[in-house]
C-alpha cells in the first residue's frame, strides 16, 4: 500500500495539529462485580479496565508477606481490530505490555498497606486504533482509584513519536504503521517521573528530549479527564424516588 | 464498581456504562439464614451477661464547630501546603497529598475514604462468617482480604461452619494476622453488606443514625465495622433500604433529614408487627428496549 | 468466600419456599434488559446486552478461509466465549473453562440450527468461503450468561455487514451490504431450585439451583436445548418450560 503523506501544512490526516490529542472520554465505575472499573474511549480505541483487590493472593506462592502484589493482564478482544479476526487471550505482545504496565503501578500503588494480598488489574481492548497500551493504562489508573486503592498519583500518559520527520503526539493506527518512531510514555504529573518508556525506530537525542517534553505537556489533558471521571461519581446526586433533598446544614460544598 | 459497593445479599444499584440510564430492578431483600418469625425475645447474647442491647460505638474525634469545607479528592491531589498528617494522606516536600479517592475536610484536616476494603483495626466489632473449623479455633470471613481467627481460648461456645458471629478485633499484628474475641452467634435474621467506609455514617454521631433507624423500624440491628449489617425482625426491609441510601448518599449534605423523611413516611404507613414488609420499591422499568444506538 | 455462598444458598431456598425471589421478581420474569447494537464499529457486527447486572458484549468478525471438508459449499461459523476475569471474582485467566465452552457451543447450536446465518451464501469459490467469527465477551457476571450471550449474538448478527471482497482480497472497512440472515434465535434459561422452576436466574439463584434447562427458540421451533446441573426434569416440566420458552422468547426477539 502506498504511503500517504501524514502531515500536510502542519495538519495530520484527521485535521489535528502535531501535539493535539484525539477525542478522549473517560468514565469511572462501569462494572458491578469488580471493585473498581473504568471505560476509556480514546479516538477509536475502546478500553475497559477493572480492578479486584486487595484480595487474598492465590496462588499462594505469589504472596509477599510485606506488601500486596500487583498483577496486570492486558489483552485484546478478537473483534477489536478493523482488520482480521484475532485470537482471544494473551500473546507475546500482550504479555510484554502487561509487564511494563504492572511496573508502573508497582511504583505508585502504596502496597505496604496490604501485605499478603493481591491487587489484580484487568485491561481489555475492545476496539483498537493505535496507542492501546496507553489507553489501557489510563483506564487502569482510574479503575485503581475507583477501587479505593491508595496510590501516590494517578498515572497518565501519551504515546509520542515521529511521523514524516516530525515529532508528534498520539498516533492512530495508520500513523503508527507508517511512522518512523513510536514512543509510549507514562508519567506521574505530580512528581514528574517517567514510569513507562518504550521506543522503536531511530531518533537523535534531541528528538527524544523533544518527544518527552511533548509527552509531559500533552498528558496534562489526560490527567484532567481522569480526575474529572472520578469526581463526577460523587457529584451531588440523589437516589431517585425516595425523598427530596433539604438544604445542607453545617457543610459547604466546594467542587 | 457501582457508585457505592453494596454487596448486599439483595442489592439496589443503578446500572453503569453505555446505554440509557435506568433504575435497577426493585431492591432485593437481604440474605441470611432461616428467617425467624417475629417474636418477643431478648437480644442475642453479645458476651455480656443478661443480653444487653448492643452498643454501637465509633471513635469520634473533636470537631471544629461551624460550617466545614469539604471536597472530593483523588490520589495525588494536594490537600495542604503544610504537613497535615491523616490516614491515607502522605507528606512530601512539606506538603500533604491524598493517596485515595476520598472526602477531605479542610477545616478539620480529616480525610475519609469513599471506597476501599475493610482493614481490621483493634477494638472494631465485626460481623463474620465461620469458614473453617480448626483444631485451635475458627477462621472467620470478615469481609476483608484478611481472615479473622477466633481461638478456642477466647470462647466457651462451639460454632459450626456457616455460623454468623459478632466478634471483636482483639489484635492485629504487623503482618495482619487478625485475632478475634468476645464472639457471639447471631441467630436467624438477615445480613446485608455495604462498603466498610460507609459504616460510620450508618452509625452516626453518638449513634444517632442507627438509633433512629432502629426506633422507626423496631428491627434489631447490629452494624459490623467491616461493612456487614445483621438485622432481625421489625420492618427490616425498610431498615435495609435506609442503610443502602446512607451508603449511596453519605457524601451529600442533609443526609440525616432525608433518612428521617424516608423512615417517617414508611413507619406510619406500615405495621412493624406483621409479616416482613416489602421494602420500598423503585419504579420498575418494563423489559423493553429503549432507544437503540447503532 | 465460598462459605458465604452456602449461607446465601440457604436464604434463596427459604425465600423460594415462600413463593418469592430475592429480588422480588416473578418466577417467569426477566430482569430489565437493554440491547445496544453496534457497540464496536470496528467489528463487522456487535451488540452489548445488559440483563439485570449481567453484561455481555458480542463481536462478529468476518474473514476468508477454507471450508470444512465435508461441507465444501458452505461458509464457516465459529463461536467462542470468554469469561473475562474482570467479570467475576470467581473467573481466573487461563484456557477456556468448561463453563465458557458450554456457553459458546450452546449459542452456536442455536444459531446453526435456526439457520440464522445462511451459510451457503458465504460461499465464494471452490476452496474459499467467508468465515464468521462470533466472540462472546462476558464483562460482568450476575447470572444467566447463556441468555444474555444468545441475545447479544442474535443482535450482533442483525447489525453485521459483509465486507467487500474484490480481486481475491477482503477490503476491510468497506461493506457490500448486511449479512444474509434467516431467523433470529434466542435462548431462555430456567433454573430449578428444589422443585420450582424460575426464569433468568441471577448469580445467587444459580448458586442455589439443582439443575438448569436452556431452550433456544425461533418463532415457531425449538432450535437448541441444554440441560445443566445434576438435578432432573420430568416430562411434564419439560413440556411446560418449552411453552414458556416460546412465550418469553418472543419477548426477547422483540428487543433485537
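We call the chains A, B and C, going by the order they appear; numbering starts again at 1 in every chain.
The definition used in the following text is that a contact is a pair of C-beta atoms (placed from the backbone, for glycine too) under 8 Å apart; a residue touches a chain by one contact, two chains touch by 3 or more.
Treat the numbers as computed from the prediction; the structure is a model and nothing was measured.
Under the stated contact rule, the graph of chain-to-chain touches is complete, every pair of chains being in contact. Interface comparison, A-B versus B-C: the higher number of contacting C-beta pairs is recorded for A-B. One inter-chain figure worth recording: chain A and chain B are separated by 32 Å, centre to centre, where each centre is the mean of the chain's CA atoms.
If each chain is reduced to the centroid of its CA atoms, chain B and chain C end up 36 Å from each other.
For chain C, the set of residues that touch two or more other chains comprises 39, 53, 55.
For chain B, the set of residues that touch two or more other chains comprises 13, 15, 17-18.
Multi-chain contact residues of chain A (touching two or more other chains) are listed as 31-32, 34, 37, 55. Those residues of chain B that touch chain C in the shared complex are 9-11, 13, 15, 17-20, 22, 24-29, 31-35, 129-131, 141, 161-162, 164, 190-191, 278, 281, 284-285, 287-290, 292-294. On the chain A side of its complex with chain C, the touching residues are 31-34, 37, 44, 46, 48-50, 52, 55, 73, 77-85, 88-90, 120, 122, 124, 126-129. For chain C in complex with chain B, the touching residues are 1-4, 6-8, 10-11, 14-15, 22-25, 29-39, 48, 50, 52-53, 55, 159, 204, 251, 254-255. Listed in rising order, the residues of chain A touching chain B in the complex are 27, 29-32, 34-37, 39, 53-56, 65, 108, 110, 113-117, 145-154, 188-190, 227, 230-231, 233-234, 236-255. Looking at the complex, you find that chain B touches chain A at residues 1-3, 5, 13-18, 23, 66-72, 74-77, 88, 90, 97, 99-101, 103, 106, 113-117, 119, 145-146, 175-176, 197, 241, 245, 248-249, 251-254, 257-258, 261-262, 265, 280, 282-283.
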